[in-house]
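Next up: some structures, all given as C-alpha cells.
Presented sequentially are two complexes of chain A, the first with chain B as partner and the second with chain C.
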Partner chain A sequence: MHRDVMRGRFKAATPYLLVAPATTLLCVLFLIPLLQTIALAFRANGAFSFANFATMAGDINFNDAMINTFEVVLLAVPLQVALALGMAMMLRHLKHGRDIVIWIWSIPLGISDLAAGLVWLAILTDHGYLNTILYRLGIIGGPRSWLTYETPTTLLIAIVVEEVWRATAIVLVILAAGVQLVPKEYAEAADVFGASPWQRFTRVMLPLLRPSIQTALILRTVLAFEMFATVMALGGRNFPVLMSQTFNAQYAQQDYGTAAAYAVLIMALSIGATLVYLRLLRTPPEQLP
Partner chain B sequence: MFLGAAVTLLAGAAAFPQPADADTVFLSTQLRPIEEAQKMRDVILKDYQGKVTYVPEQPAQLPIRLRAEQEGGTHTISLIGALHGELEPLVTLHALVPLDALAASLADRGIPASLMTLGRLGTPHQMYIPWMQATYFMVANKKALPYLPQGANLDALTYQQLAEWAAAIDAKTGQRVLGFPAGPQGLMHRFIEGFLYPSFTGGLVTTFRSPAAVAMWAQFAAMWKDVNPNSTRYGFMQEPLLSGDVWIAFDHVARLLDALRQKPDEFVAFPAPAGPKGRGYMPVLAGLAIAKDAPDPNGAESLIKYLTLPATQIATEKAVGFFPVVKAAPPAELDPGVKLAAAAIAATENAKDALPALLPVGLGTHGGEFDKVMIDTFQLIVLRHEKPEAALAREAPILQKVLDEAKAPCWAPDPPSAGACQVK
Partner chain C sequence: MTLRHMTLRRGVFLAGVATLCAWVLVPIYLIMLGAIGGEATVNAWPKPFWPVTWSLAALRQFMNIAGVWMSVLYSVEAASLCMLIAIALGAPAGYALARYRFRGATGFRLFVLLTRAFPVAILALPLAVSFIRLGLYDSPIGVGLMHSVLAMPFAVLISASLFQAIPRELEEAAWIFGCSGPGAFFRVVLPLALPGITATAIFAFVISWNEVFAASVLTVRHRTLTAYLLTVLSESPLHTQFAGGFILIVPSVLFILLVRRQLFSMWGIASR
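Then we have the complex of A and B:
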C-alpha cells in the first residue's frame, strides 16, 4: 500500500523532473539576463530613471530606425505569408518529387543572415551582377548605385526582396505542415456543394489554416523586428534599424544603458505584435479541427 | 576598495615568467599578437647585445600593473613601450623618469622636432623617446592625376584644391571618384577629429562650434557632391581603390597598404590636404619610456638606443609594418608599396605647415560617444543638409556632456585646460 503511494507520487513527479533541466537552463540563460537588461534600461547614475530612453529617442537616427524597421516588417511579412501560402497550395498538387521541391525552396534557410546579405550585396553593388546584366542588355550605360543614401527607395526594395528571399521558406514549412493536417474530406464536401476553387481556398482552407498562419506570423514578425546582419550588409549606415542602433550603442559607443533601452523597446514591440496576432487570429474552440 | 583588491590581485598575478638576473624586462602594449611578439624577439631584437625579456601587455593593464609594482615595492619592468595616449596617464602616476640626457644623446637620429615635443607629454622634460609610428594619408590612382588643378602640388595640396580636383573629374568623366571611409567599419571620425577640424579651426573641442567650424562644414558639405555616394558604406579604402570605384581616397595606412602593395605602379600616396590653419594630421605614435625605480635603467637606455637605430627601425618596418620615426633611407629591397606609404608619412610630418592632432586622450570608455558626436554632426550637415549652425548647436552640449563625464582635459591642438575641456 505504502509502496504504491510512493510509486504514484514518483510517477506524478516524473514529467516535472524531465522538464526541470531545460526550464532551469532557460531561466539561468534567458530569464535572468532579461530581468537584468530591463533593470539596466531603467537605471541611470544608480537610480530609477528614463534617461536611457530619452537618449535613445533623442538619437538623430532613432526616427529613421523606427520607420525603417516598420517599413520592412509591414512590407516583407505579408509578402512572405502570401507567397508561402501560394507555394504551399502548389505543393499539394505535386504527385512526385514534393520533398525535393521543399528541400530546394528551403535552401535560403540554411544560409546565415550575414552570408545572405553578402550574396545580395554582390548582386546589387555598383559593379555587381545586376548592373552587369543591365549593362549587357543596354538598359544602363554605366554602373548605377542602388544602395546609397541617395537612392532610399531602391535600398528599401532591395532589403525587402532580400528578406522575402531569405525567410519565406520558414513560413512555407509551417504552412505546408498545416495544409497536410487539413483532411481531404472538407474539400470534397465543398466540391459536392459546388464551390469554386477560389471559394474552396478562402472559405475552407484559409479558416482551417488559421492556427498555422498565426504561428507563422508571430515567428516571422518577431524575427523581422530583430533583423540585423542582412540589413547591415546591404544598408550599413544608410539604413538604420532598431537592432543596428542597439548594436552601435552597445559596441561602438559602449553605452550599455541605451543599448538595454533599445532591447526593451524591441521586446515590447515583439510582445505587442504577438498579442495583436493572438487576438485577431483567435480560433474559436468549436472550429478547431 | 575594489581597485585596491584588483591591485593586490594583480601584484600576485604579476609573477609572469621571472627573468634571469641579467635580463632587461621590456613591457609593451604594442606588437601584442603572438606573430608580432615573436618577430620582436627573433628579428628586431636579434642583434641587440644584452638579454631582453619582451612582455606584451593589454593597454588597460599597463597603469594597473605599474601601480601594483609601485605599491608592492618589487620592480621588474625597466622599459615601457606604448602609444602616446597610453603613456600620458603614467606621468600623473609618477611612474616614468625624465629622459632629457638620453634625448640629447639621440639628437643625431633625426627624429622630427614635432614628435620629440609630443614625447614631453606636456611637461618640461622628455618623458618618452618616439619609437615607431603610423598615420593616415591619401592615395590616388594615377588616372586622376591629369585632372589636378593647375599649380597644385600633391605634397602640398589644400582642401580647396582637393574639391576642385574631384569636381573636375566629375565634370569631365561623370564619375564621383573621391572616397572617404564613412561606413560603419570606417574611420571617418578620425578624419574629422585629426584632419578636418585642426586644419580649418586649429583645434577640435574648443573650436567645435566656432565660426571657422561653420565655414569648414559648409565647404566640406559643398565638396561632398563630388564624393562617391558609396562612401557611407566603405570601411577599408584599399578595396574601392583596387576595384576602381574610387580614384582618390583618405584612410589609415593599414587600410591602404594592400592597394599600394598589389599595384604600386598604379597609385601615388601623399599627405592629407591643408586648410587655413595648417595641415592637420593625426600621428599614431608609439614611444619608449623608462619606469621609475626600474631594476635595470642602463639596460633600458641602451635598448632605447638600439631600437632607434636606423637599421633597427627599418627592420621593425619590414617585420611589423610600423614606420620609422628616425631618418632612415629605405633599403632597396623594401616592398615598393611600403616605400610609397613611408614616403607619404614622411612628407606629412615634415610638411612646413604640419599640425599634429592627437588621438582623443583621457576619454576612457567615453571614446565611442565622443566619436558618435563627430559622426552625427557629419551626418546632419553633409548627408541631411542641415545648416551647420543648427547642427553644431545641437551637438555641442552632447559633446560637452561626454567631456564632463570623462573629466577629460584638452589635448593638442586644443590649448591645455585645467578641468574638463570646454566647448567655446
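Then we have the complex of A and C:
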C-alpha cells in the first residue's frame, strides 16, 4: 500500500523531472540574460533612465540603420514569400526528380548568412563574376564597383538579392509543408466547377495556406530585423543596420548600455511585426483545417 | 488543348525548375572557384568560369590558412557541445510533452517557443559579462552553451512530435511483457525515434556552426570559424575569405542532403 502511494507520487512527478533540465537551462541562459538586458537598457548612473536610448538615437548612423533595416525587410520578405509560393506550386506539378529538386532548393537553408554574404561578394566584387559577364557582353569597359558608399542603390539591391537567394528556402519549406496538408480533392472540385488554374491558386490554395504564410512571414521578418553578417560581408561600414550598430556599441565602443538599448529596440520591432501579422492574417476559427 | 501545346507548356515549366536550381547552385560553384583557385584566380580579370589555375600550390595555400583551420576546430567543439546539450535536455522534455498530461505543459511549450522569438543580441550581450565572471568567456564551451539555447526550441518541439508519432500501445505492450518504464523506452521507443533524433541533432549542430553574432561577442582569441571570418573581413585577402566561406558551406550542403526526408515534416511541425 505504502509502496503504491510512493509509486503514484513518483509517476506524477515524472513529466516535471523530464522537463526540469531544459527549463533550468532556458531560465539561466535565456530568461535571466533577457531581464538583465532590459534592466541594462533602462538604467544609467544607477537610476531608471532613457539615457541609453537617447545616446542610441543620437548616433549619426542611427537613422541610416533604421532606414536600411526597414528597406531590406520590406523589399526582401515579400519577394521571398512570392518566390517560395511559386516554387511550392512547381513542386506540386513535378513528376520526376522531385526528391533532388527539393534537395537543391533547400540547400540555402543550411547556409549561414556570413557564408552567403561571402558567396555574393565573390560574384559582385570589382573583379568578380558579374562584372566579367557584363564585360564579355560589352556593357562595361572594365572592373566596376557595386558595393561602395557611392553606390547605395546597387548595394541595397545586392543585399536584397542575397537575402532572397539564402532565405527563400526556409519560406519554401514552411509553405511546402503547408501545401502537403491541403487535400488534392479541393483543387479537383474547383476544377470540376470550371475554375481556371489562376483562380484555383488564389481562391482555393492561398486561403488554405494562410496559417503557413503567417508563420513564414513572422519568422522571416523577425530574422530579417536581426540581419547582420550578410551586411557586414557585402557592405561593411557602408551599410549600417540595427544589428551592426549593436555590435559596434558592444564591441568597438564597449558601451554596453547603448548596445542593450539597440537589443531592446530590435526586440520591440520583432514583437510589433509579429502582432501585426497575427492580426492581419488571422484565420477565422471556422476556416481552420 | 493540343499535344504540342501541352509539351510546350511542360518545357517552359521544366526550364523554370532548372533555372531555379541553377540560381541556387551556380553561386556556390563560383565561391568554390574563388576558394580553390587561390590568389591567382581572385585577381584574374576577366574571370574564368572554370578552375584553370587549379594547381597544387593554390590548394596548399588553401590548406595552410592557419587561422581558418584552428577556428574550424573551435567551431566543431562548440557545435558538438550545442548538439549534445540540445538532445540530452531537449529530447526528455519533448517526451514529457508527447506522453504526459501535466499542469504547466502549455506554459512550458509557450516558454520554449518564446526563446525562438527573441533576437540573439538580447541574450548574447549580458552572457558575455556573466561568462567573463565564470571563466567561460572566449572558449568554445561558452559559445556552445549559448548556442544550445538557440537549438533548444527545435530539439524540444521536434522530438515531442517524433514521440507523438510512435503509438503508445507499443510501449504498453512492452510493459505487459515485463519491461520497466525506462526499459520499454530504451528498447522500444528510442530505436523507432532514432532517425528523427539524429536529424534533430544534425540540425542543432548546424545552428551552432552557422551562428555569427553570439560567437563574435563571446570570443576574442579562440574564435569559431564564423567569428574569425567576421573579424578578418576588412583586412584579410579575398581568397582567404572565400576559402573560409566555402568551408562554412560544405557541411551545410551535406546536412541538407542527410535530413532532406525529415525536413518538411520537421518544419511543418516546428512552425506550428
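Assume the second predicted complex is superposed on the first by the 271 of 289 C-alpha atoms of A that agree within 3 Å, B and C clash if a C-alpha of one lies under 4 Å from a C-alpha of the other, contacts with A are read in each partner's own complex, and residues count from 1 in each chain.
FYI, a contact is a pair of C-beta atoms (placed from the backbone, for glycine too) under 8 Å apart; a residue touches a chain by one contact, two chains touch by 3 or more.
Keep in mind that this is a model prediction, so the values were computed, not measured.
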Which of chain B and chain C A:L219 touches, first, second, both or neither: second
Residue contacts on chain A - larger count, chain B or chain C: C
Touching partner for A:H127 - first (chain B), second (chain C), both, neither: both
Touching partner for A:R279 - first (chain B), second (chain C), both, neither: neither
Which superposed partner A:T14 touches (first chain B, second chain C, both, neither): second
Which superposed partner A:A252 touches (first chain B, second chain C, both, neither): first
Which of chain B and chain C A:M232 touches, first, second, both or neither: both
First (chain B), second (chain C), both or neither touched by A:K184: neither
First (chain B), second (chain C), both or neither touched by A:A176: second
Touching both chain B and chain C, residues of chain A: 127, 142-143, 232, 236, 251
Contacting residues of chain A [partner chain C, same complex]: 12, 14-16, 18-19, 21-23, 25-26, 29-30, 32-34, 36-38, 40, 87, 90, 93-94, 99, 101-115, 117-123, 125, 127-129, 131-132, 135-136, 142-143, 165, 170, 173-174, 176-178, 180-181, 212, 215-216, 219, 222, 225-226, 228-229, 232-233, 236, 243, 246-247, 250-251, 256, 259-260, 262-264, 266-267, 270-271, 274
Chain A partner contacts - residues on chain B that touch it in the complex: 174, 182-184, 229-230, 232-233, 243, 245, 365-369, 371-372, 376, 379-380, 383
Touch list for chain C against partner chain A, complex: 13, 16-17, 20-21, 23-25, 27-28, 30-31, 33-34, 42-47, 49, 85, 88-90, 92-93, 95-97, 99-100, 102, 104-105, 108, 111-112, 115, 117-130, 145-146, 148-149, 152, 156, 206, 209-213, 216-217, 226, 229-230, 233-234, 238, 241-242, 244-246, 248-249, 251-253, 255-257, 260, 263-265, 267-268, 271-272
Complex contacts: residues of chain A adjacent to chain B: 60-61, 126-127, 142-143, 145, 147-150, 232, 236-238, 244, 248, 251-255
